[in-house]
Structures are given as C-alpha cells and as structure tokens.
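Below, subunit A partners subunit B and then partners subunit C, in two separate complexes.
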Partner chain A sequence: MESLEALVAHIQGLSGSPEEVAHLHSLLKQADGDSLRAHAAALVPFLAYLSPETHSLGYLYLLEACATSGSNLSEFGGGDFLVTIAGFLTACSADQIRLAPDKFLNVCRVLKDQVMQLNMPIRGIAPLRAAVRKIQSSPEQLTPVHADYLLLCLLAKQYMAGLSILEDDIFEVDQPKDLFLYCYYGGMIYIGLKKFPKALELLHNAVTAPMSMLNAIAVEAYKKYVLVSLIVNGQVPSFPKYTSVSAQRSMKNHAQIYVELSTSYSNGRYTDLETFVQANSATFQSDNNLGLVKQVLSSMYKRNIQRLTQTYLTLSLEDIARSVQLETPRDAEMHVLRMIEDGEIHATINQKDGMVSFHEDPEQYKSVEMVEHIDSSIQRLTALSKKLASIDENMSCDPAYLMKTGRDRGRFDGRFDYDDYDSVPHKFF
Partner chain B sequence: MSAPSDAAAAVDTPAPTTAAASSSGGFTFKLHPLVIVNVSDHHTRVKAQAACSGDSSSSSSGAGAGQPPRVFGCVIGVQRGRTVEIFNSFELVLDPVSGTLDRAFLEKKQELYKKVFPDFYVLGWYSTGSDVHDTDMQIHKALMDVNESPVYLLLNPTINLSQKDLPVTIYESELHVIDGSPQLIFVRSNYTIETVEAERISVDHVAHLKPSDGGSAATQLAAHLTGIHSAIKMLNSRVRVIHQYLVAMQKGDIPMDNSLLRQVSSLVRRLPAMESQKFQDDFLMEYNDTLLMTYLAMFTNCSSTMNELVEKINTSYERPTTRRGGRGAFM
Partner chain C sequence: MDVEGEVPAAAAAAVMNGLGGAEEASAAPVSAEQLDVEAYAAQYSGRTRLARLLFIADRCGVEAMQLEALRMAYDEIKRGEDVQLHRDVAAKIGGRLGPRFGLDQAWVDTVTRRADQRKEKLENELNGYRTNLIKESIRMGYNDIGDFFYVHGQLSDAFKSYIRTRDYCTTSKHIVQMCMNVILVSIELGQYAHVSNYVSKAEQTPDSLDPIIVAKLKAAAGLANLETKKYKLAARKFVETGIELGNNYSEVIAPQDVAVYGALCALASFDRSDLKSKVIDNINFRNFLELVPEVRELVNDFYASRYGSCLGHLEKLKPNLLLDIHLHEHVETLYMDIRHKAIIQYTLPFISVDLNTMATAFKTSVTMLEKELAALITENKIQARIDSHNKILYARHADQRNATFQRVLQTGNDFERDVKSMLLRANLLKHDYIQKTSGSRKM
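And then the complex of A and B:
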C-alpha cells in the first residue's frame, strides 16, 4: 500500500489523457479498500491538493473513502465537508467518474443522508441535479440518484427544480426500486404543481410496473393513483393487461377505503361524498392524502357541471346551483367562470338574466399552429414507434419467450401456422 | 457480293463507322412506342435466359461475359414520301459465326407479316448496345437489297438514371467522302414518337404494372399514392435545379441569361394560384384533417405493436391466470 502522498502524486500526474486515466484507475483499485478508509481522517487535507475537474477519478476515490468510513462526518468539519462534496459533484468531469459509478452513487447517497440529517434538503438540490446529469449515459437512463433528487425536491418544496428532471422520458432502468421510487416521487411533485394528467401517467407506471411480489411503494402509489384519476377523469380505470398478476390480485385489498371512495364518487352526490370523507378522515390523514382527498371533493362540482353541458344548451345559474348542490347561484357563477378560464368547458355567462349557454369546442382546425402541433406530435410518434418496433424485435428473440412458444408449438409437430402470413403488406413507408 | 463486301470490310474496319453528324437527308422519322417495348422485351428475355443457362457456358457467345448479348431484329412500317413511320418490329436470328442474318427466316417472317399488314414494308433493322459496332455496317449493307436505304435503330439497354430522353437512336446510312474515298457511314437522325390512342393506353398500362386482379383497396391506394409521390418528387427536383441555377447566377459563377430570368420571373408571378382567406381556411382544414388521419393511423400501428409486445412479455414472464392452450398467446 503506497503512502498517501505517493497516491496523490499519481493522481495529479496521471489525469491527463484517457489512457492515463485508465492506468490511474487500475492503480486506485489496487489501493482501494479498508486500508484507505482507515486513513480517512488523514485524507481530507489531501483533497485540497486535487482539483475536482481534472482529477475527478482520484478525488472520487478519496472522497468516497472518507464518506463511507463510518465515522461521524462532523469530524471532518461537518458543514464544510458537505460543501466539499457539493463542490465536487458540480465540478467533476463526467467521463472520469463514469469509470467508477458505484463509488459515485455512494457519495451521492452520503450527501443526501447528510442533508436530511441536517434538515436542510434544499442544500442538496443543486449538487444532486448536476450529479444526475453527469452519471447518466443518456438522458433516457434512470439512475438511483434520480429518486434521491426528487425526494429532496419534495422535502424542500422546490417542485420546479424537480420538473427539469421529470421532463425527460425514461427508457432504460437498472434497478426496479429506482423506478418505483422515481415514479412515486415524480407523481407527488406533479401533484404539487397541480399537473394532474402527468401525475396520473407516472403513478400509472408505478402501479403497472412488473413486480413479482406486491411492494409497499406500489400500494402507496395506487392510493394516490385512485385519487388523481378521480380528479382527472372522474373514474378509476380497471387494471390494463400489462399489470403484473400479483398487483391485479391483491392491490385493491390494501387500499379498500379508496375503492369505496371511488364508488361513492361515481354516484355523483356531493353530500354523500362529503360525509364519507369526514367519516374516514383519520385514515386519509395517516396516509398523508387528506389534501388530495379535499381536492377530489372540489373536483366533484366540476364533474357535475361538465355533465350538465352534455344535457343542456342553456341553463340558469339557479338551476346549476341546485343540480350540483351548491348553496347559492353566486357560487355556481364562480365555479363556471373558473372552469371557463381553465378551458375545461366552453360557455358564456349572460349576467343580465343569469343564463349560461354552453358551446361546442370552438377549435376549427384551420390554423397553421394546429398544423405545427399535429406535425410535431406525428414526429414524436414516429420516433416512439421505431423504438417500440426495436423492443418488439428484441423480445421476439428473447430465449424465455422462444422457450415458451416453442414448447407449445412442438405439440403440433412443426405444422406451419398460416395465420401468421398476411397478404396485404403492413408497412407503407 | 462477297468480294466487294470484303473490300469494304477491309476499308471499313480502320475507319470509324460511327458518326456524330446528323442526317441531312430530310427524312422525318416517326416511331411508335410498340417498337421500343418490343426491342426492350426482346433484350430482357434474352438476357434473362442467358443468365439462367449461361452460368456454365463458355464466354464465346456474344460480346464477352460481362455484357449482355446483343439482339437483332427487323423494323417494319410505312414510308410515305419523306415520312418514315415505324410501326412494328420482329426478332431475327443472327448467325454468330458469320455475322450475317438468317435470310430464309427473314423472308418467311416478311411474308407472314405481309399477309396481316399488307401496307407494311421492311424499313430497316434494330439492335442493342451502347454505341454502333463495326460489324453493324455489314448487316446494314446486307439489308440494302430488301430496302435501298434501311434505317438502323439502336437501343441502349444500360440504365442511366440521369438521362431524361429515351435511349433510342435512329441512324441512316449516307455516302460520305472520307480520305478521298466514298464510304457509307451512319449518321444520326431525329425522330418523334407517334402514338395512337390505343397504344398510349396499353403502354401506360404496361409501364405502371398494376396487379392483374385490380388489387385490394390497400394496394390500389398505395399505387395511386406512389404515383403522386413520384410526380411531386420530380417537381421538387426540377424546382431545386432552377433554384441552384439562380443561386449560381447570383454568385456570378454562370453568366446572366436575361431571357431565362424573365421566364423564371413570369413563372414565379403566376403563383400562388389562389389567394383568399376562404381558400386558406379550407386548405388548412383539409390539411389538418389529413394530418389527423395520419396521426390516427400511426397511433393504431403503435398500439398494435405495443399490444403484441405486451402479449410477448406476458407469455414469457408471467404465470398465466388461466390455463390457455398454445394458441392463446397469439392473435
């Protein structure tokens, strides 16, 4: 085991070109281990000799040894050490740290734990955001850092910060737990931002993700999923066929109250829903869902007013108030006005005689913006379709799949399946 | 007959028999598309048959192993005054050893055609290749006893994508004085394509190669859209050519041509053909409708791929909830 000074000298010397870095990496791996951690206390001053950008790999090894040494970080001058880690995460070079990803993840986790211990989640947001971008090999990859980052954003109530990470679509996942946490936290952030359709998407992913056994994250996600889908759609859809079998069987049992809430919602009577919510408010509170349940309650009005648009062309404000179970026509007017502003219904209020006339969607589809909008959607869909086709091909070559189908086919003694051959070509482009 | 032709051959071979000069004879040639279709068909058939059976044969046949063999035949038609109209053609057998046509066969064919088309005479002969061969003059002279001045129709079977004209050239023979001695050389002639309505329809049909049973709606739609697509592509490439030309003129690479500029300007001024708000609205609405339909089609395509993918994943990795037979996994 070389002395620390020699190691630091190596790091400083060998951080130039990629070949040198590879050589350095092997040296560091040799030097790594408990022996390095034992000298943890001595390492900190050495960090000052190294710069995070050029010597990222060496810096990472030393930093990780300090961080995971098990001793209390306040020995290192607690807050300063945090600053050191934060500085490293923002400044390090992505190529070098990708050579030692697990060490990098350890460092990030230590940062997150430390920040939560100090009860200052906001300090961890900027460094972790930089860390996410650096360790991702492509913007479509999910890393464990995503989940930690979203958790910090939630705790610090900085929802907009989480938005930039959430906007990327995820196509590659390594650890299932990462996916569940990411979808759950991401859903909560969108709920915080009141973007319910996107929240619904993420929570749906969490609920329908493949799982061999039901896990707690999915159950919590399901509870929120029921509530959000009531707000957005007014009903809870049944499980699609790509949901895992274990989820289909036992999910509803763990979220019984929510299922009852949804049935009561579908009856359409505000007062019944209100009494139900009052009765079970303790349960909702313990799940931290009471705020969301209150939003479900207020969305009930919107749902009923929307139902009215399908029956009536014009309606007076008193009638609206009566059928939706609001107290006064003023309340009805407020609700309708807000809905018109949000674009949820198309109507005009005639203030003189208190009549509301409902209209059709005024979109004529004759503008150039609509052309661009549809065109961009088509482009996105083409890209997605290509990806999907390639995944489908990969799946067809998957040995598990071939084994299952081959075994069933064997019973027919290799008889050709004529249904597989079509006369009309499927691809026109 | 043989001695003069030997002498002519001895004189002919060093001197080039091809000529870039155009004919001064004043004949007007009219070519019917049936002839072109016939010649190309003949060539394709022979090439395909040679490819099938010629893998083991020696390279003595025709013009080397790399090139397709040349085909020969006669063209027949009507000559009225200075107008020569070529209606039809038939194949001939060329003796590869002696390089002469089979006269008996030619005469028999001529008789048969005379019975059906009494007006048609043998006007000349055709062959394939990229340029006139030295031996062609011999054949040409041999035919001179049937027709005093036969025509020679040459089809170039190599596909040249940049060429926009038909790869068919018509040569006449003229007596020119070269190096002091009179010789027969081939000179190019211009020709026009002449069609009767029936010919136009049949050539159109052959060119588009529609499926014989009319196809299902899907293939018909695809064929129709392919036609429109190629038309638009051609329009686009033409416009691009004009654009590049104008850019080059602006940069100064090409000298300014005012008459061309006037033409382009008049073309540009003719567009847009329609300019009114109502037109814009209707146009955009229809455009959006088509886009939405495409979107819907893509959606359906995507959903079906997704569905298959989910089925596959379910069969591979999930325990089935009900016992399904082997067919259950497929559609």
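And then the complex of A and C:
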C-alpha cells in the first residue's frame, strides 16, 4: 500500500492520455479499500493539489473515500466539503469518471443526502444536473442520479429545472427501481407544472412496467394515475394487456378508495362527488393527494360545461347553472369565464341577456405554425419508426430468439420479412 | 312539408304522459275499455288462449273485464285437463262469480285419476317399444307422452320428452314435427333461445317445407327475436311471414299480432328505404296490415311525416298493447324508439328548425322538446346545435377537414407515446433477461 503522497503523485502524473489513465485506474483499484478510507481526514488537503478536470479519476477515488468514510462530514470543513463535491461534479471529465461509475454514483448519493440533511435541496440541483449529463452514456439512458435529481427539484419546488431532464425520452434502463422512482417523481413534477397529459404518460409507464411483484412506488403511482386520468380524460382506462399480472390482480386493492372515487366521478353528479371527497379527505391527505383530488372536483364542472358546447349554440346562464349543478348563474358565469381564459372552450358571454354563445374552434389548420408543427411531428415519428425497425432487426438476429423460434429451418426466409411495418406496437407484447 | 296539427285532446294528454318517461307497465293498471275480451280470445286456441286471458285478468284495472276474462278462462280450463291452472283460476275468481265458478274438487280428482292412469299406460307402452327397439314406435311413444304432459301443464317434462324424440326421427317430416312441438313448448316456457335454435333446425331440413309451416317458423322466429329485444331481426321475420299463416298458428300467434308486432318493430328499427320496400310496398305484409287498419294508418302517417297523427294512433293503441303477453315489456322501448326516429326524421331535411313549430307538431312543450333534442344530440343521432336563446335548431355538419387534421395529430401523438413506452418496456424485459442469464447485477 503506497503512501498517500505517492498516490497523489501518480494521479498527477498519469492523467494525460487514455493509456496512462488505464494504468492509473489499476493502481487506484489496488490502493482502494478501507485503508484509504481510514486516512480520510488526511485526504482532504491533498484534494487541493488535484484539479477536477484533468485528474478526475483520481479525484473521484479520493473524494469517494472521504465521502463514504462514515465520519461526520462537517469535520471536513462543513459546507466547504459540499462545495468541493459540487465543484467536482460540475467540472469533472466524463470519460474518466465512466471508468468507475459505482464510485461516481456513491458520491452523488452522498451529495443528495447531505443536501437533504441540511434542508437546502436547491443547492444540490445544479451539480446533480451536471452529474446526470456526465454519467449518461447516451441521452436515452436512465441512471440512479435521475431519481435523486428529480427528488431534489420537487423538494425545492424548482419544477422548471426538472423539466430539462424530463424532456429526454428514456429508452435504456439498467435498474427497474430507478425507473419507478423516475416515473413517479417525473409525474409529480409535471403535475406541479399542470402538464397533465405528460404526467399521465410517465405514470402510465410506472403502472404498466413489467414487475414480478407489486411494489409500493407503483401503487402510489397508480393512485396519482387515477386522479390525473380523471382530470385529463374523465375516466380511468382499464389495464392494457401488457400490464404485469401482479399489477392487474392486486393494484386496485391497495388503492380502493381511488377506484371508488373514479366510479363516483363517472356518475356525473357533482354533489355526490363532493360528499365523497369530504368523507374521505383524511385518507387523501395522508397520501398527499388532497390538492390533486380538489382539482379532480373542479375538472368535473369543466367537463360538463364542455359537453354543453357540443349540444348548444347559445344557452342562458341559468340553464348552464342548472345542468351543471352549480348554485347560481353567477357561479356559472365565473366558471365559463375562467374556462374561456384558459382556452378550454371558445365562447362569448352576453351579460345583458345572460346568454353564452359557443363558437367553433377557430383553428383552421392553415397557418404556417401549424404546418411546421405537423412537419416536425412527421419527422419525429419517422425517426421513431426507424428506431423501432432497427430494434426489431436486432432482435431477429438475437441468438436466443432464434433458438426459441427456429425449430423449423425451412421457414427461415419467412422470418426475415421486413415488409410489414404496419405492425401495431402491441403485437410485440 | 305540411305537418298536421289537429289531434284529439285525449291523445295530446296521452302523448304528454307517454313523454313523461318509461313508466313500469306492471305497476300501473291500464284502462282498456276498447278491448273486447271475447273477440280477442277467439283468435287464439290452446294454452295461449288461457295464458292471455289470465294475463289480461291480472293487468287490466277494470273489474268487469277482469271477471269476464276469468270466467272465460275457467270454462276453457274445464274443457282441458290442467288441474293446476284450474286451482289458480278458482283462487283468482275468489267466489266473485258465484258458486259455479269455484274450485271443483270432484272434477280435480277425476281428472287427476284419469291422468295417472293414462300416464301409466303410456309409460308401459313406451317401455314396451323401447325393448322392441322399433324406432318409429319409440318416437311416437315419446311424442304421446310429450303431448300428455303438455295438456296437463307440465311443460318442462313435455319439453324433455319432445327433445328425446330427436334421436328417433327418420324423415324430415318427423324432424319438423319435433321442432314445431319444441318451439311451442319453449315459447310458453319463455326460453326463446331454444325457439331460435329449433327454427333454424327446422328450416335446414333438406325437403322443401309446406308454406304454412314456413310461415309458422317465420312467425315463431320473429317472436323469439322480439322477446330477446332484437327488434330489427324481429321486424324482418315478421314482414317475411307468408299470408298462408292465416289462423293456422292460433296456438301461438294470430295474424293481427304479426301485423302489429311487425309494424311496430319495423317503425322502431328500419330506416326509410327499408320501411318503404319491406313494409309499405310489401304485398304480402299488406295482407296482414289489412287486418289491423289502425296500424296501417300509423305506418303510412309515419312515412308521410304526419307525426302528430302517427303518435296519436300509437297512444290509442297503447293500452291494448300493454295487455299483450309478448309485447307488453317492449311497448315503452318501441314507442320511445319510434318517437326518436320521428324527431330525427323531422329535423333531417332542414338547415334550421323553429322549435315552436316543431313542438306543436309533436304535441309537446318547447322545454320538453329541447331536453329530448339535447339528449339525441349528445347521443350523436342528430347533427345539430340548439340556439336556446332564440329557440331554433341549427343543422351543423362537422367540418371534415378540421376533424381530419385533429385526428391525424392525435394519432401521431398516441403512436409516439405508445411506441416509446413499448421500447422502454422491451428494454426493461431485456435487462431482466440479461440479469437472469449473466447472474450479475449491472450498475
């Protein structure tokens, strides 16, 4: 076991080219271990000799040893250590740290724990965002850091910060548990931003992900899923067939009260729904869903008013109030006004007669913006299709797959039939 | 288009009532002074006459009519051999018709004794035939037993016996006879699935059938469809029934019934072209309609858009129809359907319709009409919008171009979302698989 100074010298010396880094890596692995951690306190001054960008790997090892040494980090100069970690995460070189991903993740975890302990989640946001970018091998990969990052954004109520990470589509997942947390927190961020359709997507992924046994995150996600789909669609769809068997069987049992809420909602009577919510507000509160439930309530009015736009050209405010079960025409007027402002319906209110005239959606689909929107959609979808096709190709070449289906050699040609791309995704699973 | 305005006040009031919603026919007693019980019962024979008389007695609210029906039922039963029915009718009469119409225990005993003797004899004969293994005799034996049970009111035993003859039928005539028997019993038991089954069996026999039998089968099929609420099929069967039916099927259905059921189901379910070709221009069915001129008027009024008078006729017929054992549960639904069709047909040719004129044409108030229209629009049966301020209905045709754009964008979004989550799931499964094979956990 070399002394610390020798180690540091190695780090400084061997961080030039990739081969040197590989050599350094093996040296570091030898030096790694509890002995390094035992010297944790002594390591900190040495860190000052190293620069995070060029000596990332070495820095990482030393830093990780300090961080996981188990001793109280405030010994290392308290908040400064946090700054050190933050600085490292922002400045490190991606190639080098990818050689030791576990350590990197440990460091990130420590940062998050510290920040939460200090009750200042906002301090962890910028470093972790940088960390996510650095450790991802491709923008489509999910890492454990994602979940931590989203958690901090939620706690700090910095939803827009979370958005930048959420906008990347995830296709590769190493640990299913990360996915659940990611989808759950991501759904909550979108709910906070009131982008309910996207929240629905993420929560749907969480609920329908393959799982051999039901886990608590999925159950919580399901509760929110029920509420958000009531807000967006007015109904909760049944489980699609690719949902795992364990989910289909027992999910609803854990979320019984939400299922009852959705049946009450579909009956369409506001007063019934309101009484139900009042009666169960304690349960909703303990799940931290009371705010969302209140939004479900108000969405019922909106849905009923929208139904009216399909049937009537003009309608008096009293009639609106009566059919939507509001108290007075003034309430009806307020609701309609708010919906017009939010762009959910197109109408004009004539206060003199107490009449509301409903109009058609003025979108003519002729504008330049609309054409661009359609064009970009088409391009996005073509890219997605190509991706799907390439994955299909890869899978067809996979030896395990071929073994399972390649009983009769004679039909070899039939399998490589790339012509029918109109296959609906559901055919796969 | 001219719309008739004058309809008697009684019909107007009746229309308002009919609008009030589907009242459960079983709850409300029906006033039906127009129905002549004797004439009505004369159209039928056999057990269906009894069933109908008893039904009328239960449903009509008029004591005189009730007693009349019960009296006729009593006499009829005395002519037959069903002991249980005799007891029921005697209980229902309850002594109101005098001592002659009470429970005749002596008669009951005689009949029961005679029945037991006959049953024993038949069973012995059948066992004899069975040991001899003569197919034809076994078949006739089972048939006789079936008839015996039927006459004595033991319908499920009759059913079983008739079914048993199937194995011993040799010619298509036998098969047809068996089917007809089974159909008869099934109708009385209310098992209409069997009726449809056996009708198709009978129609599939290789020999060509007697036109009367064909007509009977069509009528039975129509009845089965009616009772299982398949009104369109029922209408088709009824209008295809040949006039040869005449009075030959009086143990099940009278030709007037064919006309009424067929016309009502057709009005409720056929579109205009079908109505014209299959009902109004159908010479065959016209013969049936002649038997019930009111219904013929009704159909013609509907086709000529004289909705006020059409609905008036319907209301006049309603009380009698509620006393019909096959139709009573369907009267409300059929009437509602016919009314909706009338409304839809009324609004079809116009760009805008004044709700006031429409309300007078349909003998209803503007508010009720508005509610009905709103319901129909929500169900997407009328393409229109209501201007509640000015009380006008404007036709509105969806803009196909915009709708297509919307749909396309929506489909694109759905595709994107579904494919992404599918790829994600595929990836999860792949990693699970890799974990299983490699045995080591990554990251």
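Throughout what follows, the second predicted complex is superposed on the first by the 392 of 429 C-alpha atoms of A that agree within 3 Å, B and C clash if a C-alpha of one lies under 4 Å from a C-alpha of the other, contacts with A are read in each partner's own complex, and residues count from 1 in each chain.
Criterion: a contact is a pair of C-beta atoms (placed from the backbone, for glycine too) under 8 Å apart; a residue touches a chain by one contact, two chains touch by 3 or more.
These figures come from a predicted structure and were not determined experimentally.
Student: Using the touch definition from the top, say if A:S377 reaches subunit B (first), subunit C (second), both or neither.
Tutor: In the superposition, A:S377 contacts both subunit B and subunit C.
Student: For A:Y365, using the defined touch cut-off, is the partner it touches subunit B, subunit C, both, or neither? Pick first, second, both or neither.
Tutor: In the superposition, A:Y365 touches subunit B and subunit C alike.
Student: One more residue to check, A:K404. First (subunit B), second (subunit C), both or neither?
Tutor: First partner only.
Student: Just subunit B (first), just subunit C (second), both, or neither: which does A:P101 touch?
Tutor: Second partner only, subunit C.
Student: Looking at the overlay, what does A:A48 touch: subunit B (first), subunit C (second), both, or neither?
Tutor: neither
Student: In the superposed model, does subunit B or subunit C contact more residues of subunit A?
Tutor: More residues of subunit A are touched by C.
Student: Classify the contacts of A:A282 with the two partner chains as first (subunit B alone), second (subunit C alone), both, or neither.
Tutor: Neither partner.
Student: Just subunit B (first), just subunit C (second), both, or neither: which does A:A216 touch?
Tutor: Touch partners of A:A216: none, neither subunit B nor subunit C.
Student: Under the contact rule defined above, give the subunit A residues that sit at the interface with subunit B and also at the interface with subunit C.
Tutor: After superposing on chain A, subunit A residues 210, 242, 364-365, 374, 377-378, 381, 384-385, 388, 391, 400, 425, 428 contact both subunit B and subunit C.
Student: What part of subunit B is in contact with subunit A in the complex they form?
Tutor: 216, 218-219, 222, 225, 280-282, 284-285, 287-289, 291-292, 294-295, 298-299, 301-302, 305-306, 308-310, 312-319, 321, 325-326, 329-331
Student: Sort out for me which residues of subunit A touch subunit C in the complex.
Tutor: 101-102, 105, 143-144, 169-176, 179, 201, 204-205, 208-210, 242, 307, 310-316, 319, 353, 355, 358, 360-361, 363-365, 373-374, 377-378, 380-381, 384-385, 387-388, 391, 400, 425-426, 428-429
Student: Provide the residue numbers of subunit A that touch subunit B in the complex, in ascending order.
Tutor: On the subunit A side, the touching residues are 210, 241-242, 244-245, 248, 364-368, 370-371, 374-375, 377-378, 381-382, 384-385, 388-389, 391-392, 395-396, 398, 400-401, 404-405, 408-409, 411-412, 417, 419-420, 423-425, 428.
Student: Would you mind writing out the residues of subunit C in touch with subunit A in their complex?
Tutor: These residues of subunit C touch subunit A: 374, 377-378, 385-390, 394, 399, 401-402, 405, 408-409, 412-413, 415-429, 431-433, 442-443.
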